[in-house]
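One chain, chain A, appears in both complexes that follow, with chain B as partner in the first and chain C in the second.
And then the complex of A and B:
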């Protein structure tokens, strides 16, 4: 009985683990016993694990990760610093919304990565080009989420602050800022995905270091296990960041399912 | 004067929004006339008029058509494949608890990771021809469609499902009568997101390795410092993306007209 209830409680988790382990095992076994492995075309988990371990020990992968992270953090912080005030301004001032909304919507909806080659020839293949593209991709989720958050601010709270003689500053810091927090987190989740796209695009296209460069170089030199190991690292980082923010989001606003724009 | 203010009041939103964009374009156009740019910047600078001119040139010389054609094929085939795979898979995952639990780790992991990371791998497998781009468009567009279809199925009204079941409907009939119509608005939202991902796939795939297509044209023009051609490509992508998104949004509000507002906001 205890086993049965344990199974029903953790059914999802168990089934998920079973399927992941099953896929990895099947992958390994098929390429060990059934299909002869062509190392220039495919690889198998044991080789990936070996490559991963080797890169961990030698530390080359960490260097690439650190370089990409630096660009990511700079671009992302810039997006936060610029995006949130613009979003608040647009949400709070009706005329600002009318003026800026069509322009920003057009930019948000269009594939701005198309500007990547231009940014790279202007800013060079180093840090600046990457930061510029990451900023450009990550700033709009912040603007529009903060904008929506300010729009949803409870008017009653604003009026209370006003009635008790609060100033414009008090409204911003005591009402608007706390109430847009969940929206900022939601924006950050979307911005992370777009920021990683920015890293990958600039580093695939033209770079001499970084995780995206490592992946594309391993591909060009047919070092498939190393390539899969680097892809795994990026996937793990992306999953941890996005799912972490999603958890934070449901914690901050349990009533909102927050499914739009995943 | 009064009629003028009235005119402004009624159309304030359109005037301010359109005016701002026009103003930006005007400023952009007049910058080189007002201040002489240093040589380093002048190299990367172009004006809207130049962009329109070079667009005209490209069309007349019949250069741009083949690029647009290749990109369009990649976009349409990739997106089509994503719809063919994503919708059924989303429906099945939404209806079957076991499959849902088994596929969920993979869907979550692949959805959180930008699928662009697989681009070098896809190019290694399929070469720099059209198929590597179709595949990157496919994996990019698949997950938004799959996940939104899944959410749509999950959010179906249980009472309705129980009613058709009580009247002896089979799983297939339940799907057709209740589940599918209910998830259509979600699927359309998924489609809107998928269009964005698909365009991203086309652009980046062609930057990285190709010999045809709009992305290739942009990358090639950038390396040759033909900034006006870069902007022609960017403008085409922007226009396409805006037109498609607008179309799907129209579809969205049309299809969810009968729903209460709380669902519409989703």
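And then the complex of A and C:
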């Protein structure tokens, strides 16, 4: 009985762990006992772990993570600060929508990484160039999600606030902003993914440090365990950001808890 | 009787996009006395809700006069508050914060508005739910919050736009009786809109029947049932007679509307 309730309480966590550990073990065992490992083309978990440990101890890893994170956080924050107001403006003012929509739709749809060489020419290979590309990639999900959110704002609630004497400012802060909160979070989820692509592309292209640079350098020199260790770090960063976002979501939208369809 | 609301020959025509103009009100007249409970009944789309929204200040009439205590109405004001059919509660606010909304927009200091909101939450019997979110409440409870929110700003006139239409029959009966008790205690002027003849007869001092679109006042019935009223009163022959009289006036309008729509 006790075991059963423990299992149902933690089944999400337990099943998740079992599946991850299972895949890692299988990977290790296959390349240890079944297929002979060619270290030029592939690697296995034990070697990755050793490389990861070595990078941790030597400190190079931390430096790369810090450099890439800084660019990411700057570009991402800029996308939030710029994207949300533009999205609100476009959603609430019809003329703003008609004027801006063609541009933004074209930019959102096109592979903006194509602009990487141009941005590097303009802003250089350092922090500024990275921030510029991350910003460009991350800003559109915010603009378009917020735009959609504003469009879905309940007319009735706007009228309620007006009927109690609310002004335009009150409508923005007491109706529109809270009602687009879930849309902002959904936009952030997409923007995180695009922002990480932005880090990699600029650092692959022209950089002398950072996690993307580390991955491409290890790849070029056939140091596969080191390369996988760096990729793993990137994955961990993405997971931490997404999980953090989920926590932030329950904090920002407490009225949504318990309302999921499942 | 002191006149409170006076509407004289109001006209209002909507021009929806890609469709022909719709005349919602044409030559609409109405007088409501201070402290009176008046109900508007009429076929769907006859302009009852439109009139409430004009009175609330969210819509402007094309012509005609509308005054409250002798003063012209321009936009929303503190003397009027609406209870909405679909509740209109802000989903991200708790019961307490929802009830406070009107006071907050008026600029009342937090401590004072908390206290005032708590009093009203008590009046509608939701003390133990003040920190709940709207989605955690039943329909009846949501509308109690809507009522408390409207009363919190101490309006002189309470506008109620089919407030119980979204509730189940039993909750509806219960809410009607509670509304009467609250009304007797607070002595507000109430302007109530409904489709239900029974509800109109039970609650009101006067029932105004409106014509099919464009809406005008057709008949006015004074309901002389003694107060306080209770549920048992609805089972008496007198009550049934009143319902029958109202129905005979209303049914022609329903017919006109159906014929007009080609049904």
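Here is the rule we use: the second predicted complex is superposed on the first by the 219 of 262 C-alpha atoms of A that agree within 3 Å, B and C clash if a C-alpha of one lies under 4 Å from a C-alpha of the other, contacts with A are read in each partner's own complex, and residues count from 1 in each chain.
FYI, contacts are C-beta pairs under 8 Å (C-beta built on N, C-alpha and C of every residue); 3 or more make two chains touch, one makes a residue touch a chain.
In this text the structure is predicted, and so the values were computed from the model without any measurement.
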| item | value |
| --- | --- |
| Partner chain(s) touched by A:196 [first = chain B, second = chain C, both, neither] | first |
| Touching partner for A:174 - first (chain B), second (chain C), both, neither | second |
| If touched residues of chain A are counted for chain B and for chain C, the larger one | B |
| Touching partner for A:36 - first (chain B), second (chain C), both, neither | neither |
| Touching partner for A:162 - first (chain B), second (chain C), both, neither | second |
| On chain A, the residue positions that both chain B and chain C contact, one per complex | 259 |
| Interfacial residue positions of chain A with respect to chain C in the complex | 156-157, 159-166, 170, 174-175, 178-179, 181, 253-255, 258-259 |
| Interfacial residue positions of chain A with respect to chain B in the complex | 11-13, 15-20, 23, 41, 95, 98-103, 106, 109-111, 113-118, 120-122, 193, 196-197, 200-201, 204-205, 212, 215-216, 218-220, 222, 224, 227, 231, 234-235, 238-239, 241-243, 257, 259-262 |
| Chain B residues touching chain A - in the complex, by the definition given at the top | 12-13, 16-21, 24, 44, 97-98, 100-106, 108-114, 116-121, 123-125, 144, 147-148, 151, 189, 193, 196, 199-200, 203-204, 207-208, 215, 218-219, 221-223, 225, 227, 230, 233-234, 237-238, 241-242, 245, 266 |
| Chain A-touching residues of chain C, taken from the complex the two chains share | 56-58, 76-78, 80-82, 84, 86, 88, 90-93, 101-102, 105-106, 133-136, 153 |
